[in-house]
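Take a look at these structures.
Note that subunit A is present in both complexes that follow, paired respectively with subunit B and with subunit C.
Now for the complex of A and B:
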């Protein structure tokens, strides 16, 4: 197969999937393609996009990088944020507490990966159970109500059809991180260490420090996701992050990030995250069971992995 | 009395040091490197001078790469001392070595295939315009500098925006050398630079090597190819089983003698064959 096409197989596939999905819906369920659906998709895609961007950067930086703990981090930072308020912290601290918890949980992953040299898959699978388990244990499985009104007001506000959290958090984060990747030396280092870690180390790049920072960043974005879940739902639910890691990983791979690192970007990741949510929303509105929705995402993940493997085999 | 051999050894080393011409940029003395039970280098003394190409030869596993990695800061020696530019150094990382003007071009080229030519040349030393501490790349300045560097090397890379993965072996070698030049390296080490190259590209890389020495840099080249070595090197050092067994100026030797040293047929090679 043509080399250029092969390198760009995933973006091409992503476009094809978008066209196919929208085309099918327009032909069979045109009523779904409404501003209301747009709002709902962006609302659901807010948390997923944040998690997927964090996971995407961790994967691009290589070293078998992956962050399966994002869902657990979202749940636990939301729960800890509300427990902080319960313990007497003033309400306006809520975003900072969620963000801070996310950073700490991400740093914990990063330290296990970089200092102890444990495989990221193992580390983050372990912390996924640890964080989600803690969130459940701390709440006894129930929700913690009492999110401040200003937060809920912001979380449910819209600007036209666009949800406020998407405009004020996801878009800025996307612009900032894409700019960082494309315009700064840090972005080049992240790609370089994912592409050829040995070369990056010989060039004197602080590979372990960058990797640690990226796990912390992934945690930070998940922590923000936790705060957004509070502002949106009005309470902390210990299971809010369930399946986010599966969907985020699907978005990352479908978005053209090489699972082996060194290739891919956030434009693909976010557009794939939107596709995943669009697909799920459409299935939901058509009335297809949630079990099948998860199955469809899983199938998408498998396809993304296969195409990824094919387009990355060198030579 | 047990200290006597050590003392004699020390005095010998001291006299060696005093006899070394003052201009030797690198003075390696008594360098040893062990990997667990395996001794990869034993008591190696080498001087490397500015403006000269020094070739390291030897059979596979003789210790050439290990020695070069000690110079490059990729291995910490188990024994011995290293003086570079008059300072006694102890490199903990390739970064330390680079800070002392040592640049290495490894056997398996250490380039990032998905990055562009300029991005590889500047990796870790990007030209930036910081805004609030964030290092924004100055791509125009880097491209301009890359053109100068490649021009200086007389290397032809038609598209410097191309990812390095799409370049030929010789072009990659030129990128790696341009990287070393850009870091203002005073010592440039090339480990088997022509091993994977076609004949025409080998010519170009050998020319580059001479050019680097003529510009006043010290060059160390590791090679298996005797003809290449005789074409570019001013001095040759032969390794065998982790020891330096011979040192010859090009004018004072010939390919047959060097081959005999490498294969162990030469009487001087015997030192390394004692247990």
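Now for the complex of A and C:
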């Protein structure tokens, strides 16, 4: 019992945090627990969930995998998408352009990591500044307006209390990727190479190819996030991805993914992403100064790491 | 062999600095003046100090991405000490002391929590940023007296005191690295931490001390920041972690640790500041600075790998 508890310390902590948060809110600010809050949480969680799923798979695949550039990718693909429209591309190309930019940026990370063998943290730290710097420099810091009406209509539409982008992008992506992890050999390869890369290579798994694909996937999800930010806000903001890497990494670790790879799943990651957004929304609605949010999320990241380490250690 | 390639690298970097100076002097008449040379050096003070700490950390196989926020917190404390009319000697010690404490916090989390430095310091970056927000509350700290500025710009035989302090810091680091056991132990940990521990080195103590030293250097950088700019905005230190990492890698201290080059870091910082100053003077907007720094970092890392492969392939 004790052993089982210790092995699953992070999922237990996640559940406790959810119960504590909802319980506290129900007891003190019951009015917050409304369909309107659900809508706003899911709306804000859309981009973060996508980024966190991509980051989660990259971390699970091990090899010190991490993608600090997700925020920069979101900003840059949104900006490039709108610049494409400005250059005369027809409006219906917008999602494809954002997605394509995301894939290219992700592939760039992946190639530097797998072909040149540079540490992922240093590659993506560099591309984080490169991508977010480019997004700022290309726009001069201002927003680019002029997102087509159909996109904004979709981005702000709802089905009941559920925002359309969450239903039509996040849920399918979640189902698809969970299926990939649970049912295909790719899923098993990802976990296996994260658990023991040497053994995976000796067994003949295409470790480098899988890893390259995962960075591209992380980029693709971030690119979709960029498109969703356009559809939701109606303009490309070069700073839309600021802090997303911090929040996504927090969600990944709080969701039970081991930072060393080989352990964790997407259910935990998405549930933790929702928790992070719920916490942020609750703080906002109670009227606690927004400056606490970055700190609270940073602290949550450190705590998740420590608990994760504690539950991993055998001694 | 290491020494040979180290010297060759320093010469290459020095040549790159000279080449950049000539190029910019040709392109912009404002660049090649004595006044501008002094400006470039003066702009380098904080980065030289922070990059020195980063060099020690990276030689040990660690990294700290929270340095910008540590500089921010200590700059604010220094500014408030200045406003409180404390004696100047005390004012100058507040920053380094507070910085050492924050560095020790980061070190404690990394060392005792046994978690990767990049993730832990990313979380702490969020926490320290919150401290900055809380203290500043969306305002600027400005209108500070010029007492510290006079200290930093005071000239002894034509050499500004600021440059002397930076040189002293590097000299002290050199003495510790070459004349005490600290240097060999630091490199041994960077080379192979487990083996260093088995050899009976005081791994924990060395790592904690290095984090604290890096924090103290960030604190000193905070003092310089106040002296030079005499105000603090909310975005203080946003990009300096990237600049420091880029300067260290340019200088030839590898990300994996095990090797160190102080001269390389000095030259790396110089090259970065020359490029930034020169690009600004030939009319490139300052928003492009992060892009250039990020691209330089990734370019140098990639070139290193390609060159190494070419060399081993030929041999």
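The working rule: the second predicted complex is superposed on the first by the 312 of 315 C-alpha atoms of A that agree within 3 Å, B and C clash if a C-alpha of one lies under 4 Å from a C-alpha of the other, contacts with A are read in each partner's own complex, and residues count from 1 in each chain.
In this section, contacts are C-beta pairs under 8 Å (C-beta built on N, C-alpha and C of every residue); 3 or more make two chains touch, one makes a residue touch a chain.
On a predicted model such as this, the values are computed, not experimentally measured, just so you know.
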item	value
First, second, both or neither for A:184, with subunit B first and subunit C second	first
Superposed model, subunit A: greater residue contact from subunit B or subunit C	C
Contacts of A:192 with subunit B and subunit C, given as first, second, both or neither	first
Partner chain(s) touched by A:83 [first = subunit B, second = subunit C, both, neither]	neither
Which of subunit B and subunit C A:262 touches, first, second, both or neither	first
Partner chain(s) touched by A:9 [first = subunit B, second = subunit C, both, neither]	neither
Touched partner set for A:202, first subunit B, second subunit C, both or neither	first
Which of subunit B and subunit C A:161 touches, first, second, both or neither	neither
Subunit B - residues contacting subunit A, complex	74, 93-95, 98, 104, 106, 110-115, 119, 123-124, 126, 128, 134-137
Subunit A - residues contacting subunit B, complex	180, 183-186, 188-189, 191-192, 195-196, 198-205, 262-263
Of all residues in subunit A, those that touch subunit C in their complex	64, 66, 68, 112, 116-119, 121-123, 125-130, 132-134, 136-137, 140-141, 243, 245-246, 249-250, 253, 259, 291-292, 294-302, 305-306, 308-309, 313
Residues of subunit C touching subunit A in the complex	63, 65, 109, 113-116, 118-120, 122-127, 129-131, 133-134, 137, 239, 242, 245-246, 249, 255-256, 285, 287-291, 293-295, 297-298, 301-302, 305-306
